[in-house]
Amino acid sequence: MNFRSDNNAAIAPEILRALNDVNGAESARAYGDDEWSRKLDERFSALFEREARVFTVASGTAANAIALASAAPPWGAILCHREAHIERDECGAVEFYTGGAKLTLIDGVDAKLAPAALNVAVANNGGDIHSPQLAALSISQATERGTIYTPEEVAALGAVARTNGLAFHVDGARFANAVAALGCAPADIACKAGVDLLSFGATKNGAMAAEAIVVFDPKMAGVIERRRKRGGHLLCKGRYPAAQLLAYVEDGLWLRLARRANDLARKLGAAAERHLSAPVQTNQVFIKPGHANIAKLRTAGVEFYDWGAKGSGEARLVVSWNQSEADVEAMRDLLASLR
Amino acid sequence: MNFRSDNNAAIAPEILRALNDVNGAESARAYGDDEWSRKLDERFSALFEREARVFTVASGTAANAIALASAAPPWGAILCHREAHIERDECGAVEFYTGGAKLTLIDGVDAKLAPAALNVAVANNGGDIHSPQLAALSISQATERGTIYTPEEVAALGAVARTNGLAFHVDGARFANAVAALGCAPADIACKAGVDLLSFGATKNGAMAAEAIVVFDPKMAGVIERRRKRGGHLLCKGRYPAAQLLAYVEDGLWLRLARRANDLARKLGAAAERHLSAPVQTNQVFIKPGHANIAKLRTAGVEFYDWGAKGSGEARLVVSWNQSEADVEAMRDLLASLR
Amino acid sequence: MNFRSDNNAAIAPEILRALNDVNGAESARAYGDDEWSRKLDERFSALFEREARVFTVASGTAANAIALASAAPPWGAILCHREAHIERDECGAVEFYTGGAKLTLIDGVDAKLAPAALNVAVANNGGDIHSPQLAALSISQATERGTIYTPEEVAALGAVARTNGLAFHVDGARFANAVAALGCAPADIACKAGVDLLSFGATKNGAMAAEAIVVFDPKMAGVIERRRKRGGHLLCKGRYPAAQLLAYVEDGLWLRLARRANDLARKLGAAAERHLSAPVQTNQVFIKPGHANIAKLRTAGVEFYDWGAKGSGEARLVVSWNQSEADVEAMRDLLASLR
Amino acid sequence: MNFRSDNNAAIAPEILRALNDVNGAESARAYGDDEWSRKLDERFSALFEREARVFTVASGTAANAIALASAAPPWGAILCHREAHIERDECGAVEFYTGGAKLTLIDGVDAKLAPAALNVAVANNGGDIHSPQLAALSISQATERGTIYTPEEVAALGAVARTNGLAFHVDGARFANAVAALGCAPADIACKAGVDLLSFGATKNGAMAAEAIVVFDPKMAGVIERRRKRGGHLLCKGRYPAAQLLAYVEDGLWLRLARRANDLARKLGAAAERHLSAPVQTNQVFIKPGHANIAKLRTAGVEFYDWGAKGSGEARLVVSWNQSEADVEAMRDLLASLR
């Protein structure tokens, strides 16, 4: 039973079919000058009810780093949660792409940033030549603890960002899970809430390798294109990532896949209720059952990551879009059996 | 008729099938800890008759930049041909990944570097604290003019590199075309000739997006891994690029595809003989028939790039692995009809 | 009365005289190939009882950034105190020179790092490809709160560094004040305690613009030289900074100047005893007398910086090597009068 | 007899006196908030008859690199002469500060760029996402061959720059020698000719370590300030470099010093007339008398640099502001005696 991460899952059949279909064309112009790539902007502009530009890249790390490098100068401060993926899991990719910008870490319950804490961080920036310059705010939606920001919460952060001249970036590696859980329009937690740049993830939710930087400020597009090229993320055969993304959002596939994973995770959460270390709002379940229980799960053949500080006795279980019902049933029993 | 570039071509059926097959596994560990990725080192070590480490990335630009950044310090000089892809077509990716190394450009006939010219460039480096430090040699095989280096020629350059403490990198975006044309073992123009780092391209020759950094010096592996991660090229679903590369080299597929393209290009070359501006040795044909003839080709519906300096009256025709016989026949007639 | 910073002070007469003297030579070879520069290595090797290489730069920020860039790769983690100058006051210079390394911030009383806290930070590093690689430890001596590490304390941190393969760097912008206060040999809190790289400051304690990177590991020298050159800190007229540093350490001048400042600061500390927010161990005095008292000091014409979080009611007073006795007397009375 | 470089010379007495004078103030605010630094903008605005902002740095390399990094993005192309100091002698400082911009090298007689050659280089830039983006033009005045651009020539290059959206930078390490030789107003070869950024050198012509970035476009000032800080070139005791620059331009000192050096160089040039390899227009003399003659000069105790490609039999003689008449007389005789 593999609950390590949704990035362990295979490709959704609809997306694999799209890859096979697009291959029917013997040739297509390179570097995004093909019919699939050209549809992306239009398709995502419709999805977000706002003129948007879409740039595919090969990984979420690339999406985050290129987006933030386009929003923050090398001397910029990027405000984010202490547990943010950009801080914890990208080996300094943001620092690399920005040329050395600084992540200013903020605490917050369940991996979420609150406007008050953000305001304190802003106020504590020296504001002079010796301090990094306040440049961008980055949040994750869903968060690294599987929690979500409501549209109102995103908008409140967006307001603080605007007041302080910060670009507002969302790491949406699991954006689908958030939208599915909230039942809102994508725009409600993006451009309508003040978001300038969105790392729109598809890989964890059924694509092969398709992430997109969605930018709502057309002025940023030129710089993003340059950074993407220099990062080696402008693929010559652009139709393949484009086709993945088009299939992903076609007929609500992305939300169906995410909703299924969310629902199954909720079942696990119910079974593990007294051990939960964060509310189950999307497809991730965090439990803190202690070492003995964790060992019991491992012995039972469950694959998952330990979480939190070393020796914390905490674990993360991630449900994938294609997790089998059988897996979930078995896991539910296991969780219910923990003491 | 599209002779713009081999990167316009679709995916070879064998490789597409491999992608479909690998998707049979519901899940696999991420970041290269899967059975396909684990086979890569072994498979390429056999192919190159030497212990090799293989790192997949999403583009040839990424392969070149990460490889060279691992061989040259920020103050390094990387010696290459004036027409090298790393100089002309990567928007400064090498400079980005290295942190500002300098490309020292060397002239040479047919986009090839000669040992004598390389020695002159080495001698002209100031050799003091004010000059960039001689760090690496990079050649393209096949070259940007479709020409190839024989094993002896590579070895001669490798000897100059070794004498001067230069790491030796080969941009093998069209490595298959070179090996197919030379009829040699891959090692003969790689590790056996002193090459330390090879950008092994598959995308132009039938893959979707699969390039690999092949490194023959195991000490470099750790640094390459770090740079790949920070560049956003460590894909979570590593089995898909791995499966492409495995299928690509399985049963000599890569050489069959390349040989076909080379052969068809030779036919075009024969038809355009008196207009050739470089010898046709692989799958690229360079002609300099003047503006009227170029206009004639365009009018006939042929897609291709102008080449050389602005207004030079030169053109590049690239034959893809899946170029139709009909295309080639028609193009041959057209070329023969040029005055 | 200016207690803003010791970097507001003029040049010590002995050092100014040295500048005048060195100018007697009509010409001298550039870039460190002069008799003064050549003496530096020998002079500092004697001072630190160990073979050392010395590289002058124009600022402490440059010394710190170049030293750390030579010890940490772009994907490195540099462990330091949350209030470290490299984090708070250098606008990301370390990130710039390293190519994007990450500062991992650690809490500790009085701006000091404790071995236990350092061990926790080390243990919490993910240790995999997604986390920055543990690379260096940096402490400030004296600290940003004017406190000092004893030789035993430095050695204890040095032991943790060695155990974990961390390069050990000391930001010694006020190294003289620390040595003067401890009454130890310079080596006792440097190479003998496991320090690899020292930013040896002279500017705050009487020089014009003379800081030095002192490196006890000769293997690092080549890389430092390259980084210094590329940073624009290899001065052509190297004899002038060299002469400053030679005069600075001649006959114990540096310690006399520092001792005087320390002694005067202690007087202020005694007068402000009940408002002290950190122990007075060198030439800095931190008080937290609240807003009314701070306003009173300002009204009395005292120049100084507010300290700590916005609105904390805290202040920093720095005594310079040339602070007048009259200033100190007047300030003492003022401090004693605070309620 | 030292004709190695004008950067070997001592400090002019007027400038040394200014340093002594400024030290009379017991303390002054740091980081440019002192009376001397505050005068700089006004003083240079008057000198250039245009509102200018002035940023002191410790070296010409720093001035060039920070200025160009403020004008060119990381993916920018900076057009310059093949022999430019930024290409040849700064170990990649421009690449470091820009984050990897590319120098596009242009040939030209006597180290000068001609508008026609510049236009060709502009035309040959690919102009697409794969090519570096045309960003800046940089010339040296006086050039690395001691030659000068007339006001008309600078203006012609400025026109090409403006037409193509290039920022225009002048490396003025020997700006004084050019102005003195031309007898023009400084503005005539700077802001009035379309120059946006000037590296204004004083060190080679009598200062200790005082170079300035003079910027005529106030919008660039903020970015320059940030880059200067991160490079470690914002000195705390800013009054000392400021005082040097103020003394340097006071009462035409800079032009008197430069004129003297130019005049003496002209004498040497006259004596070496038949061996000159570039016209003597400022304080540098380039001769190509062959190896035997060069050996003869060295045997006579003359210090100088070989020049040009390895083994070219060429030499550079630089006359300093304080070169003794005796030196020049003796050298004149020696040169006249060459066969």
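Things worth noting here:
In order of appearance the chains are A, B, C and D, and numbering begins at 1 in each one.
Heads up, the rule we're going with is that a residue touches a chain if its C-beta (ideal position, glycine included) is under 8 Å from a C-beta of that chain, and two chains touch if they have at least 3 such contacts.
Since the model is a prediction, treat every value here as computed from it, not as a measurement.
The most distant chain from chain C is B, comparing centres defined as mean Cα coordinates. Taking A-D and B-D together, the pair of chains sharing more C-beta contacts is B-D. A separation of 50 Å divides the Cα centre of chain A from that of chain D. We define each chain's centre as the mean of its Cα atoms; on that basis chain C and chain D are separated by 34 Å.
Per-chain CA centroids place chain B at a distance of 41 Å from chain D.
Counting partner chains per residue, chain D has residues 74-75, 90-92, 96, 99-100, 129-130, 133, 226, 229-230, 234 touching two or more of them.
Interface residues of chain B, counted against chain A in their complex, comprise 2, 4-5, 7-11, 16, 19-20, 23-30, 57-63, 65-66, 90-93, 96, 203-204, 208-209, 226, 229-237, 240-241, 320, 322, 324.
The residues of chain B lying in touch with chain D in their complex are 74-75, 88-92, 95-96, 98-103, 105, 123-124, 126, 129-133, 309-310.
Listing the residues of chain C that touch chain B in their complex gives 31, 73-75, 99-100, 129-130, 133, 223, 225-227, 229-230, 234.
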